[in-house]
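Letters A, B, C, D and E mark the chains in the order given here, with residues in each chain numbered from 1 onward.
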Amino acid sequence: MEAVGLDVLTWMVDFLSGLFVDPFFAVARRPDKLVQILIQGVSAGVMYSLIALGFVLIFKASGVFNFAQGIMVVFAGLSVVVLIEAGVPAILAIAGAVVVMIVMAFAIERLVLRPLVNQDGIILFMATIGLAFFLEGFGQIIFGADPKPVPVDALMIPDGKIKVLGGLLGKPVRIYELDLTAAGFGALMVAAIIVFLNRTKIGRALRAVADDNQAALSVGIPLRTIWVLVWSLAGIVAIFAGVMWGAQSQAGFSLAVLALKALPVLILGGFTSVPGAIIGGTIIGVGEKLGEFYWRGVMGDGVEQWLGYVIALIVLLVRPQGLFGEKIIERI
Amino acid sequence: MTTSTRRIGDTLLKLEDISLSFGGVKALTNISFEIKEHEILAIIGPNGAGKSSMLNVINGFYHPQEGRITFRGQVRRQMRPYDAARQGIARTFQNIALFKGMSTLDNIMTGRLLKMKRNFLWQALYWGPALKEELEHRKVVERVIDFLEIQAIRKTPVGRLPYGLQKRVELGRALAAEPDLLLLDEPMAGMNVEEKEDMCRFILDVNDEFGTTIALIEHDMSVVMDISDRVVVLDYGRKIADGPPEEVRRNKDVIDAYLGVSHEEMAAE
Amino acid sequence: MQGHVQTAEVPAAARPLLSVNNIEVIYDHVILVLKGVSLHVPKGGIVALLGANGAGKTTTLKAISNLLRTERGDITKGSIEFAGEPIDHMNTNELVRRGIIQVMEGRHCFEHLTIEENLLTGAYTRRGGAEVRRDLEMVYAYFPRLKERRTSLAGYTSGGEQQMCAIGRALMSRPRMMLLDEPSMGLAPQLVEEIFEIVHRLNQDEGVSILLAEQNTNVALRYATYGYILENGRVVMDGDAAALRNNEDVKEFYLGVSASGRRSYRDVKHYKRRKRWLA
Amino acid sequence: MIYREAGQFKTSYAADQAIFPILQDRIAVAIMMVVALVVIPMFGSDYFLEIIMINVLFFSLAAIGLNLLTGYTGQISLGTGGFMAVGAVSSYKMAILFPDLNIILIFLLSGLFAAAVGILFGLPSLRIKGFYLAVATLAAQFFLDWLFLRVDWFTNASTAIEGVPRSLFGVTITGPAATPVAKYYVALGFVLVFALIAKNLVRSQVGRAWMAIRDMDIAAEIIGIRPLRTKLLAFAISSFYCGIAGSLMLFLFYDSAEPDLFDINLSFKVLFMIIIGGLGSILGSFLGAAFIVTIPVILTNAPDLLGLPISSELAKHLEFMIFGALIIFFLIVEPHGLARLWQIAKEKLRQWPFPY
Amino acid sequence: QAAQDGIYIPLLTYRTGPFADSGTPIANGLNDYFQLLNTRDGGINGVKLIVEECETGYKTDVGVECYERTKTKGAVVYNPYSTGITNAIIPKTPDDKIPVLSMGYGLTPAADGRVFPWVFNMPTTYWSQASVFVKYVAQQEGGFDKLKGKKIGLIHLDHPYGKEPIPTLQKLAGMYGFEFVTYPVPPKTMQDQRSTWEKIDDDAPDWLFMWGWGAMNPTAIKGAIDVDYPMDHFIGVWWSGNESDVRDSGKKAEGYLAGEFHGVGDDWPLFDEIRKYVIGKSPSQTPESMLGETLYNRGIMNAVIVAEAIRTAMGKFGNKVINGEEMRWGLENINLTAARLKELGLEGFTIPIRVSCEDHEGNHPVYLKRWDGSKWVKHSDWISPMRNVVRPLIEAEAKKLAEERHLPIRECK
């Protein structure tokens, strides 16, 4: 009995020191690695945010949890790639993809959202699942099922790496130009969206629509226009996300599942907050990369598969609406 | 169930120096009053005066920052709403809070929840004692349904019912709990005269037959004047009057704050 | 009695601003709710729509503002015209642009917006910041309580405050015609009067036409020029407000006064079932 | 006017509370029972039994489980796959560790394991609601995925977990050697019993408390329902069902499966079933499971049956498109699912030949 | 009905889904060879081949559906092309009496033909291959004794397939004293490998093996480039050695190695025949440029084994539509000699293949190929696996499975 108790005790001590002590030794051993992991975390976070942003826009505007966002990202990315492969200049290819996404927004509004106006969130969620299936089939027919490399040169996306801080940390830290580009463009895009939402009356209208579709209609907010607008916007964000994700690996339909990575980001930041998507992304990105790297010894690999969700869960227990989400109104 | 005649008894609920605020908004300031057994107490006041908040305090949904609540001699400050329900406080809501996806019958059956004792394993069998219990309570509920004259909508999902009937079902749900204290928040809003008459009838009968104590909020002064034993008037979170209807109606503060120009007509009618 | 309103302001020959012709409404493809309702609102008139719970008042208003479709309801027969133009298949926002606005039953404020933001959404279809600000001040003048609570989230305000907010929001759109669904619900008596005063003033000063569904028959008939009584999805009676006020049945069932004067609620001992005009 | 209750008066509350109060319904159900118990096993091909019927059955069980949680209690869960995995893994483990334990008992126990895990992951539901909760249940899903993949003990260090062969009353009912008919009866037995139990639960007080929480949790609390207890009970029972469904899936269908088959896609699949079938409807769970299981099979076989010469690749893409479009189409026709559609159809029948 | 007119061969393929990129060339290779036999020779020994694709999308449940649907049509052999699907149908085979040929993938212990008479994973398995990689490393390092203290990493898809080589490598690590570290990559996030490569960079293993599939491969190669991992110490399994895996990185991936058990390129007479009889003719969907691609060739190789097994079976049972049981015999008694390969127009394409009642793998040698920045070139000689290590592992694991699953153990005379 006692021996067993002792075993359990040592195991506990080992486990806890693995969690909370060993990482500090690891950092002391290679401080450059910590900086490197932080950079990786932020970069990964930015990539998650790019997907989360599309979710947020659509959720804000229609209270729809758009399951098809992942596929839209793939669709948008592939449109650019395929157009460039067909010899279209990069800038026109992007314009072409924008047109594709706007057309898609119109179609979705007409065929899915309009007939389902004023339905529960879960029903619309289901409809977007239907949409995701449809787009997956349709997309593979027109683009082919095989993933395609993103022509970074044609798009003038730098993809080299810069080594910095070598003197300070003993070993240099790598910064990837691709990540810098993503972060830079991401920041620009977020700023533009925030200005657009706050400076125009559309922003307020969006929140009204999300709160109560029917009442929004009744005061004359043109739901259909708003939907098309927001889905187009989300589509444009998707182009960017698609190209960036594609450049990091390949543009193909298997990217769609990565959209799940955006979910903890969303809840952490709050479903309706644009800045929340960015900050949430960064927190999740950094948190899970740190956990994955420094807890490998005690937990094994793959912690990052769920750590993001657990971080989000813990935050939710304190703030049920996420960090920046609209307060959940509980009244009777 | 006592079939007492109406006889106002001792203090059932006593509120002392209740203060409640939300951030900067002071919803209630130093409010004290009592509710006596078997009486019908009306709470009136302008919009935003804190009436609904008062009911929320009584049944434990809001927790006042200050003050003391004594219910049946027991002092309490903090409790969860379900404890209030356990102690025999039931209520209806200003914005209808029915269970929209359920039928009228099921809604009223939920009111019996605290009285049912079989655990879920028995219920899973739906047989023997569980079935017997279910049927017993169904009988009680049918009595409530008969009483409120809503037999025809027994099986209709309440979400589809017109507003007035929903209010009635909500009353039914509260009644099914056989409460000692019944809190009604604007039970007659959105009803025409005839329907209000029905509602008054129900309220008076409950009070009469079962001796249930009732606290109600209502904006229709003729209703308040006709059926209440006592009226408490709130304004901006403060109590400005407390007394029998006739007296309150003539109170200058009440006229200024609440009744306004129309009190002449009210009085005339 | 079917006919057009005859009031001082409106010449007899004027065509009604809004006319609803014999409409039939079905929910969910199976529940028939309106069984041929016709009504007319003259330009500059105040028309009251009365009826018991479930008679179909709300449904009628929603049919006009075309919010029905969002509830899986459908107009299967009849037509609706506004200023001589059919509008039965026009979008709600298009109708708002044309000047018809509905104040929905049950408040429907945007919970997560502040009171002020709620009011401003009412002006969505309008341009011109200055004018909108002026109207905002006007609404605040009507409802001082709203001004006090302007920065609170609407979801946290009291029932009456929300009702004021809903009405104020509709006013912000500068409508030509308002569809009011139980505007007095949950309001203190003083405010009920005030609201009707505001409605009256809008009607007089700005020529806004009003269609009003109301349970507070007393007040409604006092301010209205004409009234319709709905029972079970049919119009069972209509006429000038004054005439309705004096009708015995209306008195009995809607005004609560019988031959012997107003009954006390305490004295109504026996349940009496309303005599249906349509058995 | 074939379908109506005219002339059928109920003389007791008990009769009124029967599951099928109308005679016509009772006859229809009796016929369906005969079909399910006799006709299908007698005439169904192996393919039909294994690929369609057994799938529909264990998915129905999972769908009922999720429906109790999401449809009746309003707690959206995306952890179904994880809870099914708990069932599958624990039944596999028990079957290996205790070779003499009765297989039916093993299934039931695996449900209990899943219920325990369900309770654990249901705890946040006190504070977290709606889509936020949905994403929180994903934490359960991904954690369990990871756990079963990472900790060898659960899978006995092999790459797949197996549906170990077992027999009942001398008939082999699990494992590859069991006949489809035997497996079918096992699945049917479980589904019938547990569907009945679920129906009983939702029409008694527990069910009403769940629905009250779903429709308006604050009001429910005010009338005396304890939210956490009620929600946890829903999590427990729901996971119990899902756990058994997971075991059945392993033992009656896959025979051998990697634990990662019980991934997030499975969670979504079951969620589709209850939304398409109808939230808050036991019948809907069956209809939804039937829809989601059979439509792809029909679509896969369609080009072949119609003799259309399209490549398997194109056929697959079209299948996705049509499946997606069908989901949207059904939602537009009736957002409340097939069960409601069925109800409306009955209502129409009742009024027939009058339009309304 | 189908089976009356010819030998029915269902193909469980995936031209859709996340792994379509790898699935498509394989499917094309398989199809094209059978189509060639049909159009050029009128089938095998005059018996037509009826080939039907069933799209699985690499999903196990869909694969099982395909299996159940096609098995009643008289299928003679299954090529599941997914370790998951293979695992799921293996238990069904003894009752259905249809053999499974999982060529170079699937359940490695199934190589024990006494426990799994219906499963064949010739010409070689993951375990054998892992031992070949270690052998190669030892060669480079200058002998097995030099392995001591070295660190060998394995980056793998975190999926039954990816985990296959782990027991062997662990065993070898124990034997030769090198350190063995794994880097699992979850399938769902295989396109985001940042953490994995940071870990590899931190640990700096001397050699790195890869068991990847689909989009994991090109992403991993980019990851290696990102952290400057030496390409010539990075060796992929034969499923991580397709052109599409490295083409994208081009020159930067120069030096990357991968295992292989058949020829690369299209310098064999057979490919001319395919060009002549098949390409551009329905139902073939192959673009001409795909000929000679690694995975296309793998499909061809797979088809050759199937066809030769049928021929073998016909040798015993007669030139007729054979059934699954006869096919099983054919597979077990296959003898693909160098001479036969030459006849087929594939001289030197692969090494001769033979299996036995006990050994369904054959333990065939493997070689390494090298990416030169634009194409694959043969890099090493054929290297034989360490049978003395691998075979006992296989037998032990097969025994364990036999006990768990109550499988009968067949006597091989």
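Heads up, the rule we're going with is that contacts are C-beta pairs under 8 Å (C-beta built on N, C-alpha and C of every residue); 3 or more make two chains touch, one makes a residue touch a chain.
In this text, all values refer to a predicted model and were calculated from it rather than measured experimentally.
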Touching chain A and also chain C, the following chains: B, D
Set of chains whose contacts include both chain D and chain A: B, C, E
Rounded Å distance, chain A centre to chain E centre (Cα mean): 36
For chain C paired with chain E, centre-to-centre distance based on mean C-alpha positions, whole Å: 75
Where chain C and chain D are represented by their mean Cα positions, the distance between them in whole Å: 47
Per-residue multi-chain contacts in chain E, two or more chains: 15-16, 158, 188
Residues of chain D whose C-beta touches two or more other chains: 149, 218-219, 222, 264, 313, 316-317, 320
In chain B, residues with contacts to at least two other chains: 61, 93, 95, 97
Touching chain combinations (by label order): A-B, A-C, A-D, A-E, B-C, B-D, C-D, D-E
Partner chain E, residues of chain D touching it in the complex: 45-47, 50-51, 96, 149, 156, 158-160, 162-165, 175-177, 253-258, 260-261, 263-264, 297, 300-301, 311-313, 315-317, 320
Residues of chain D touching chain A in the complex: 76, 124, 127-132, 135-136, 138-139, 142-143, 145-146, 149-150, 218-219, 222, 264, 268, 271-272, 275-276, 279, 313-314, 316-328, 331-332, 335
Residues on chain C engaged by chain D in the complex (per definition of touch): 26, 28-32
Chain D residues touching chain B - in the complex, by the definition given at the top: 13-14, 17, 197, 200-201, 203-209, 211-212, 214-216, 218-226, 233, 237, 280
Chain C residues touching chain B - in the complex, by the definition given at the top: 31, 50, 52-55, 58, 105-107, 145, 149, 152, 156-161, 163-164, 182, 185-193, 215, 217, 253-256, 262-266, 268-269, 271, 274
